[in-house]
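Labels A, B, C and D are assigned to the chains in the order they are written; within every chain, residues are numbered from 1.
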Amino acid sequence: MSDVSKVVSMRDAVARFVHDGDTVVIEGFTHLICFAAGHEIIRQGRRDLTLCRLTPDLIYDQMIAAGCARKLVFSWAGNPGVGSLHAFRRAVEGRGAPRLEIEEYSHFGMVARFAAGAARLPFWPLRNYMGTDLPRVNPRIRHVTCPYTGEALATVPALNPDVSIIHAQRADAQGNTQIWGLLGVQKEAAFASAHVIVVVEELVDEAVIRADPNRTVIPALIVDAVVVEPWGAHPSYAQGYYDRDNGFYVAWEARSRDRDALERYLDDFVRGVSDRAAYLEKQPDLAARLKAKERRCAGVNYGF
Amino acid sequence: MSDVSKVVSMRDAVARFVHDGDTVVIEGFTHLICFAAGHEIIRQGRRDLTLCRLTPDLIYDQMIAAGCARKLVFSWAGNPGVGSLHAFRRAVEGRGAPRLEIEEYSHFGMVARFAAGAARLPFWPLRNYMGTDLPRVNPRIRHVTCPYTGEALATVPALNPDVSIIHAQRADAQGNTQIWGLLGVQKEAAFASAHVIVVVEELVDEAVIRADPNRTVIPALIVDAVVVEPWGAHPSYAQGYYDRDNGFYVAWEARSRDRDALERYLDDFVRGVSDRAAYLEKQPDLAARLKAKERRCAGVNYGF
Amino acid sequence: MMASVAARELVDGEVVFVGIGLPNLACNLARATHAPRLVLVYESGAVGATPARLPVSIGDPALVTGSLMVCGMADVFQLILQNGRIAVGFLGGAQVDRYGNINTTVIGSYERPAVRLPGSGGAAEIAIHARRTLVVAKLSPRTFPAHVDFITSPGHGGAGASRRQLRMPGAGPVKVITDKAVLEVDEGTGELVLAALYPGVEASDVRGCVGWPLACRPRPGRVAPPDATELRLLRDVLDPERLYLKG
Amino acid sequence: MMASVAARELVDGEVVFVGIGLPNLACNLARATHAPRLVLVYESGAVGATPARLPVSIGDPALVTGSLMVCGMADVFQLILQNGRIAVGFLGGAQVDRYGNINTTVIGSYERPAVRLPGSGGAAEIAIHARRTLVVAKLSPRTFPAHVDFITSPGHGGAGASRRQLRMPGAGPVKVITDKAVLEVDEGTGELVLAALYPGVEASDVRGCVGWPLACRPRPGRVAPPDATELRLLRDVLDPERLYLKG
């Protein structure tokens, strides 16, 4: 095809598609969390963002600390297996930092919000929340009556972000994007959004995509920009490319608990570098520590 | 794992999981339609079945002609690109054969019915049917009011079959099933059903499944029986194994229009053979005509 | 001729929901001429197909091999069509009426049909969700009655509620491409009106094939016949076996 | 000890929704002993994982490599959990109350929390949909108050409506496995009662750690300590680096 390439730099993608006040999603369940995009948003000094994610993870903790967020929409805010997101906790517990507005669901509720958004329905039904206090503190969890059985089912409202940033293993220059390993809600978040930035480990020829079309999770027709950023998910991971940097997650507990240490981290590794390449130059050991071993599957026959 | 194999013959699978009066689904959109199962159901003389499929296709036309069906739930009943399903038409137009009860949706409506069934919700919302006559003739198409916007959305009721029969390229002996090419609603139909029979071109070792887990569409935990039936989808097709037998579809127009010709076909190729192997022996040219060419994709790295 | 007229309606870069037969031919003609970046979506789940042979069904394996994406039908209808990503949908029908309503369900009554047709398939939702719909049908009084026997795919409502009142996202059938002329919907009345005539066809020829008093644009256009490139592509490249082209 | 008690609760062939940490250890112990056909489902989308290393998070890449299926989270929650396919769910919590309600949301008021905890994650829906739930928590008065500050995951309703009245599909928390004893829910009252004591522990030791007058089964059992095989597996094979085992 003779299409114009959508490949741009992270700086240009964020400048163009992430604005003050926007509702922004950087998704990925443990896997494929795009730290590179979060850092660029911090560098460009975005303010008043509504950040949405099932698991805010370290990247939203950093963005909250850097003052990018007005509101957080989420379902589990912790450092998995390690401890707390302390910038988030300070902002919610009212210790010093400006208070962060929160809107809280369970994982299933957040998944359902993205599913509704992706299908462009105003709500999604789910059998959930009876007996819990969540609807008491979140009036957006409501009910609908089944027109067949008469029973009440819980509902959540659609989530339609201004922009979703989706990290993936590979895409072509048009944004046809292939993902394997944990899929999270990357597909639903992308289809729910007004704009989609895809960030990939590897830019591949369209022929690579066409050789295995069942592997494509996000089609070019919903993608606005493609950013090529190897190691762009570190300290999260990319199956087949590099492992999760668990040491970084463990160290975050002390680092984020200490406001000054957190600021120093942002100064050194986020604000103090010009881009992802500079971030990687400061950590020349990553490949030696984390590069994925080879465990390649066989292909399948698409012939007829 | 030390599990007991679920592999059984088609005869045993149908005898055990398909009963008179059951709601039965043999799905597959053009691709992977399990004619072998439909033929065995005819041979075992099942009666009063409620047959559900988006596109009844030739297999349900044969089952209707053979007197297996009491009711048809569907969204498009034709011979694609060729003409009519004449046994279906005779039964609906009241020309001689006992009348067939019908319950009719659009494709989106049938997809939504399977989605609701798979999620074990009693209904599924969709933005559809305004201005059409379908809800007038099908009172099961109803409405629900969105608890956020107040707007009316169409609903369809969940479809939860007694048994779904899913043809696929390959599975292990437990029923972990991998499909590529067109996926139709195979996943939703399987998850919606009380029982699932998987029919495969190839039985593979569990290690083949585990080498590429993102390719698995149906997990063993919902599968009751695995039937190994190479060419079991003919005259439908299996991507990477054999092409669609378009000549058979074209010939069906005249064959199904003529009641006697249709009966002769059933006598020769369905009732007159003991099993699928005998069906294939009568058509020794299939492999030469239809065997798929090689067009294998590369694998991906699952290492970490 | 109908294929080339339909092809010209497609704008480069658009996402098209393709049916088999003439719409498929029109899309491939457009891709080979003025709209190379057209994205074809089939309801079977194939996106961005570039089939190596003329597909004989909407689920042809040739639509999968070498396509950009294959997804399940739940995704096709929810994430692509209902999501509003389809610019153009193609529809055909056994009956098309004054307001662009289309019938592919029954001739006669629903309960005791004279002819049972295949039904909606994806047509109802395409007519509702595609940003615009192109209808392809040959002109005849039987095919163009004043009122269809059954509304499978909604047009412009006529005396009833408008599409906007019914909250239909798409604009519905904007053009009907026939073998003699092109009809367009009149935005004021929701009626199909005569917009352009094929070479050698007069307005009266069209009126004789339509079951209502057909209005006409102030100055109906003339449809240019397929040029040499279009004809060569259709006959030698796209449908050399004449599966869909007749004459 | 808690890991081996939890492992014994699992029946061969069951489908278990696994959390990270102790539940993961318990499942792998059960697979290595009496329940080799246990199917592990992680909320991250990995089904049938046999991780080559002890996963440090529920989204560890080791849960993907060599698993039977990886699916999106919409499928995990809709097609597997809500579909009723999960036999056993594991839950932990900062607070567990008299009726088995669990709090993982806030200590103090929701609007002005003293401690903000992570929130539900998948816990609320696991507590509602899993056919039964096993709760794992260490005994202390702070962890076992009479009433939790916030009900994240519902137990047995207490004075309010029963699980059946609220149409919850699963039986909810049937056992609470602590470091001193096993509590069970009393089907009549919905209260947690003392069911079995660890070696060397008396009922009074347990009562002192619980914020309500704890009832007791007529003849509370004694929990057998881990046998040599269990200990060897836990210490040498399943968690050699003592990531989750302490002491």
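Keep in mind that, in the parts below, a residue touches a chain if its C-beta (ideal position, glycine included) is under 8 Å from a C-beta of that chain, and two chains touch if they have at least 3 such contacts.
Bear in mind the structure is a predicted one, so any value in this text is a computation, not a measurement.
In terms of C-beta pairs in contact, B-C outnumbers the other of B-C and A-C. Chain centres here are Cα means. That of chain B falls 28 Å from that of chain C.
Distance from the chain C centre to the chain D centre is 57 Å, each centre being the mean of its Cα atoms. The mean-CA centres of chain B and chain D are about 40 angstrom from one another, to the nearest whole unit.
Among all residues of chain C, those that touch two or more other chains are 46, 61, 64-65, 70-71, 78, 82. Residues of chain A in contact with two or more other chains: 120-121, 126-127, 151, 180-181, 183, 187, 211, 214, 237, 239, 243-244, 292, 295, 302-304. Chain pairs that touch, as defined above: A-B, A-C, A-D, B-C, B-D.
On the side of chain A, the complex with chain B involves touching residues 120-123, 125-127, 140, 142-149, 151, 153, 155, 157, 169, 178, 180-181, 183, 208, 211-212, 214-215, 237, 239-244, 292-304.
Chain contact summary for the complex, chain D toward chain A: residues 20-21, 43-46, 56-61, 64-65, 70-74, 77-78, 81-82, 101, 105, 110, 112-125, 128-129, 150-155, 157, 160-161, 163, 166-169. Here chain A touches chain C in the complex through residues 1-3, 118-121, 176, 187, 191, 206, 209-211, 213-214, 216, 219-222, 302-304, going by the rule given at the top. Chain B meets chain C in the complex at residues 29-31, 54-55, 74-78, 80-81, 84, 88-89, 92-94, 104-108, 111-112, 114-115, 126-134, 137, 151, 180-188, 237, 239, 243-244, 246, 249, 292, 295. Those residues of chain C that touch chain A in the shared complex are 15, 36-37, 39, 46-48, 61-62, 64-71, 75, 78-79, 82-85.
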